[in-house]
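As structure tokens, the structure follows; a few thoughts come after it.
Here the chain labels run A, B, C and D in written order, and each chain numbers its own residues starting at 1.
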Amino acid sequence: MTVAHQGLTGLLDTEALRKDFPILERTLHDGKKLVYLDNAATSQTPRQVIDVLSEYYEQHNANVHRGVHVLAEEATALYEGARDKVAEFINAPSRDEVIFTKNASESLNLVANMLGWADEPYRVDHETEIVITEMEHHSNIVPWQLLSQRTGAKLKWFGLTDDGRLDLSNIEEVITEKTKIVSFVLVSNILGTVNPVEAIVRRAQEVGALVLIDASQAAPHMPLDVQALQADFVAFTGHKMCGPTGIGVLWGRQELLEDLPPFLGGGEMIETVSMHSSTYAPAPHKFEAGTPPVAQAVGLGAAVDYLTSIGMDKIAQHEHAITEYAVRRLLEVPDLKIIGPSTAEERGAAISFTLGDIHPHDVGQVLDEQGIAVRVGHHCARPVCLRYGIPATTRASFYLYSTPGEIDTLVEGLEHVRNFFG
Amino acid sequence: MTVAHQGLTGLLDTEALRKDFPILERTLHDGKKLVYLDNAATSQTPRQVIDVLSEYYEQHNANVHRGVHVLAEEATALYEGARDKVAEFINAPSRDEVIFTKNASESLNLVANMLGWADEPYRVDHETEIVITEMEHHSNIVPWQLLSQRTGAKLKWFGLTDDGRLDLSNIEEVITEKTKIVSFVLVSNILGTVNPVEAIVRRAQEVGALVLIDASQAAPHMPLDVQALQADFVAFTGHKMCGPTGIGVLWGRQELLEDLPPFLGGGEMIETVSMHSSTYAPAPHKFEAGTPPVAQAVGLGAAVDYLTSIGMDKIAQHEHAITEYAVRRLLEVPDLKIIGPSTAEERGAAISFTLGDIHPHDVGQVLDEQGIAVRVGHHCARPVCLRYGIPATTRASFYLYSTPGEIDTLVEGLEHVRNFFG
Amino acid sequence: MYQDVILDHYKHPHGRGLRDGDAEVHHVNPTCGDEITLRVKYDGSRIEDVSYEGQGCSISQASASVLNELLVGKDLAEAQKIQGVFLELMQSKGRLEPDDAMEEILEDAVAFAGVSKYPARVKCALLSWMAWKDATAQALGADVEAEEAERKTA
Amino acid sequence: MYQDVILDHYKHPHGRGLRDGDAEVHHVNPTCGDEITLRVKYDGSRIEDVSYEGQGCSISQASASVLNELLVGKDLAEAQKIQGVFLELMQSKGRLEPDDAMEEILEDAVAFAGVSKYPARVKCALLSWMAWKDATAQALGADVEAEEAERKTA
């Protein structure tokens, strides 16, 4: 540890942890060590998860449910066991409230579609309103635009303050008696902002609107307690939390899942089918049509085990220390401007910035030549770029294996970028 | 090879092939060798696919598209490379016609929903009709029931003959000028029947209806040429063709994919997003919202490589020989009745049967005790059971690694079942 | 799992057939198509008859036969107790070794202990019991639930 | 990929700014937000001016500058040929080593050969060229397509 890192507290033992992630050993461009700072896009996968995936296919693979043979029973036990693990991870009152999807986007679309086809009192139609925010990921914008187009419901949103926070000053005009659903991000993937859940939930409850929280950037990074959030639905995605691709989660309150109509139809989600009509299985199966992503759910279960073994509070602490250090160091870089909160308070471990008028694509490319992987562009949150009048940002985002040394490398890399285009 | 197997021609070298599948080495119930005859539910996964999955997570894992760093470029190249492989595998005119979904069920629901939201001339509404068949998998029934409920369109279907074939005698009344879409299974997962595509497609084209073919049980087992089929859409699923779970495919004709509206909204599927409106990326991305099942697509690509290296025609030959042998041997078992075609002609490698009045659950359980994995129940095709007045069937289904010896073990197992419950 | 007792009940079911009753229910196990139509007849709180017709596997058929043998003639409270113990056994995932006390209560039904190891089959074993509970609730109305709630808190 | 020639064009763009034109188009690269507004002015089939305004990365900006330098003053047929060769180079995935003949046609634009190895950046390099093609089609109408078809079969 260099002098600059002294005083950083709450860091994890990354030297040990990093050994769990084979990809972090990779070198690029003639021997440059990989500095992976694109964790908000996807996290890397520990050996513990990769091994569970292989073991699933080598030992237990079968289609789940309905099988009376050993493999089918084992696969089912593993799949449903993963549901138990996820339920515990988010402190769900019941395992039956955990629906497996393919990614967070499907989870969000699922809610939008359920509400579009629902009966009263949930039904979204031309007399009702939908509320989102200007800092949503496209996956929490487009489903509502589609729903609004299809039903005639009015789409409204909270704007942003100059320092990257939600502007809730007009909350009473935005969320009204007409609001059926308020859907917002817990931690922004572009700004890093952690949003004030309680204020929004309180207002939504006042008017009887449902609340959907997009926890895609929260579940990987901090303890998540769906009961404490008091939301009706919470969505997140496996590949950002040490899990495999191809798996997402929607948690929903049991009564709602019972009342709301199914979305996709097919095998597994039915109770009984005739050519004339069908009845549906109880949740969560009602919302899981077809052969589910079995191995991926099992892999997500292993990821949850991995994260829990480290401790979500410890991970949050580590990332907070790293983020604090990163904010401090980045602000030392001339012409660098952070887009989003410029302190580490109430913010997650993703930091977007601009570097003078050097285009982010160029920043990212020159950093890549040094082995540093960051993301550039609008990060699927283009309205945020429009809001701040910029075409794109460069984003560095951290995770449990990120080190202060990697921040130093990033800062040196940015100096190089400045010189190169200067 | 025993005497009974002499004369079987066209068999693959299963002794060598089986070494590729680690799970086939497994023993169950105190040392009984696994005899896996549940391939219609899901296939086993060869080492070649498992290794590619591990390598993906160990070396190349990143979110696809939009990234300028090396890992993102590698992951994108692998993901899009898998699309090329699948396109070639099904002889698609263009790679952009291959959409990755999470399973066949999603593929089928995708088409149903596209048509529900489409403009003329594709739009399904209360003045139009949808045609399916009585032998469809629930995943090709329920989406159309939902669409019919939501739009008021009339759902019609072809019935079945006593020997498990489609009854097309009234094809002109079933498919009419009002028909917008005809969706049917190429190979039935319960009856094994291979359906006469040409006759149905010809009639559909006559009236200007679109054709969707559920090739879930065909893609794994025979050469599949979407151009020769002359369908508009073809759906299938990865886990039945040596691929991972969590990945499916929808192939669709390019003009249709251009004209039809998107289904799920979110990241990856957009061109540009503002809070007020969005435009969509061209197909296939328009239909791939959110982070796709990247590793799973790459795994499916490896599965396609594996199948191609053996040769789909050779696989079809092998399975035909196995099926012929199995039909012959099964019919020797007293009280055994095949549900579906009772010869190996125009049939796939799944054989459903009843055994006197011993309930399939009991048949399956007692077979399992001998290490033999078959599936029992309605196989997600309950209308077929209703049609033949049976509660369920036992189904043995074969794949490229199935051997005549395994058929013998099955037949012996069934004798044991008869004695046990006799 | 196929104890002789189970096979016996399967091959020679007790009280099979539909007879006169106060309420009738029809239950289906959607995963395997097992079906049962079941009627209960009460004389006050005494179970006068449980009659049934159904199709299904040996486990579901034997279980209905055992139910008939065990419950007919019993008082509702006692029957509910038996049902509760049977449910506990079936949900034990093979981890519960029936002791003498349990055997006294469940009689032939202890033979189903082995079935509890097979999640796919537990539903078969419970089908008739769930149907009985449902039919009883219909026959006796709200009383049952009150009584059950009382039993739970007792 | 950042050849000095590219950096030069980026820092000192040729012909930047919007001037009078026969047609104007606005193209966006949705994956990175690069934008260009481009006008073409024709004198018969001779390109009198290509003027543009835009924001984006060094590659897209330099590429527009190179385009201006290369195409202004050329005849449409020749410009189309240049555009075709540039497109071929950019789609070569780094597998095409520009030879003298190509260098004669593309001049400074051969410096983009390295960019073709980076799929995410190829679109940046092509943005202005696609915009030019589109604007030309609008300015000259169907003629262009006919001419292009002819060129292809030639």
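Note that in this section a contact is a pair of C-beta atoms (placed from the backbone, for glycine too) under 8 Å apart; a residue touches a chain by one contact, two chains touch by 3 or more.
The structure presented is a predicted model; accordingly, all values stated were derived computationally and were not measured.
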Farthest chain (mean CA position) relative to chain B: D
Whole-Å gap separating chain B and chain C, where each centre is the average of the chain's CA atoms: 39
Computed distance of Cα centres, chain C from chain A, in Å: 46
Where chain B touches two or more other chains at once, by residue number: 66-68, 72, 270, 272, 361, 365, 376-377, 382
Multi-partner residues of chain C (each touching 2 or more other chains): 31-32, 118, 120-121
Which pairs of chains touch, using the document's own definition: A-B, A-C, A-D, B-C, B-D
Residues of chain C defined as touching chain A within the complex: 28, 30-32, 118-121
Complex contact set, residues of chain C against chain B: 1-2, 7, 10, 31-35, 55-59, 118, 120-121, 124
Parts of chain B lying in touch with chain A, wherever the complex brings them together: 22-23, 26, 28-29, 34, 36, 38, 41-42, 44-45, 49-50, 53-54, 57-63, 66-72, 102-106, 108-109, 112, 117, 134, 137-143, 145-146, 150, 155, 157, 237, 239, 244-248, 262, 264-270, 272-275, 277-278, 289-296, 361, 364-365, 367-368, 372-377, 380, 382-383, 386
Chain C contact footprint on chain A (complex, rising order): 65-68, 72-73, 76-77, 270-272, 281
Residues of chain A that touch chain D when the two form their complex: 359-362, 365-366, 376-378, 382, 385, 391-392, 420-421
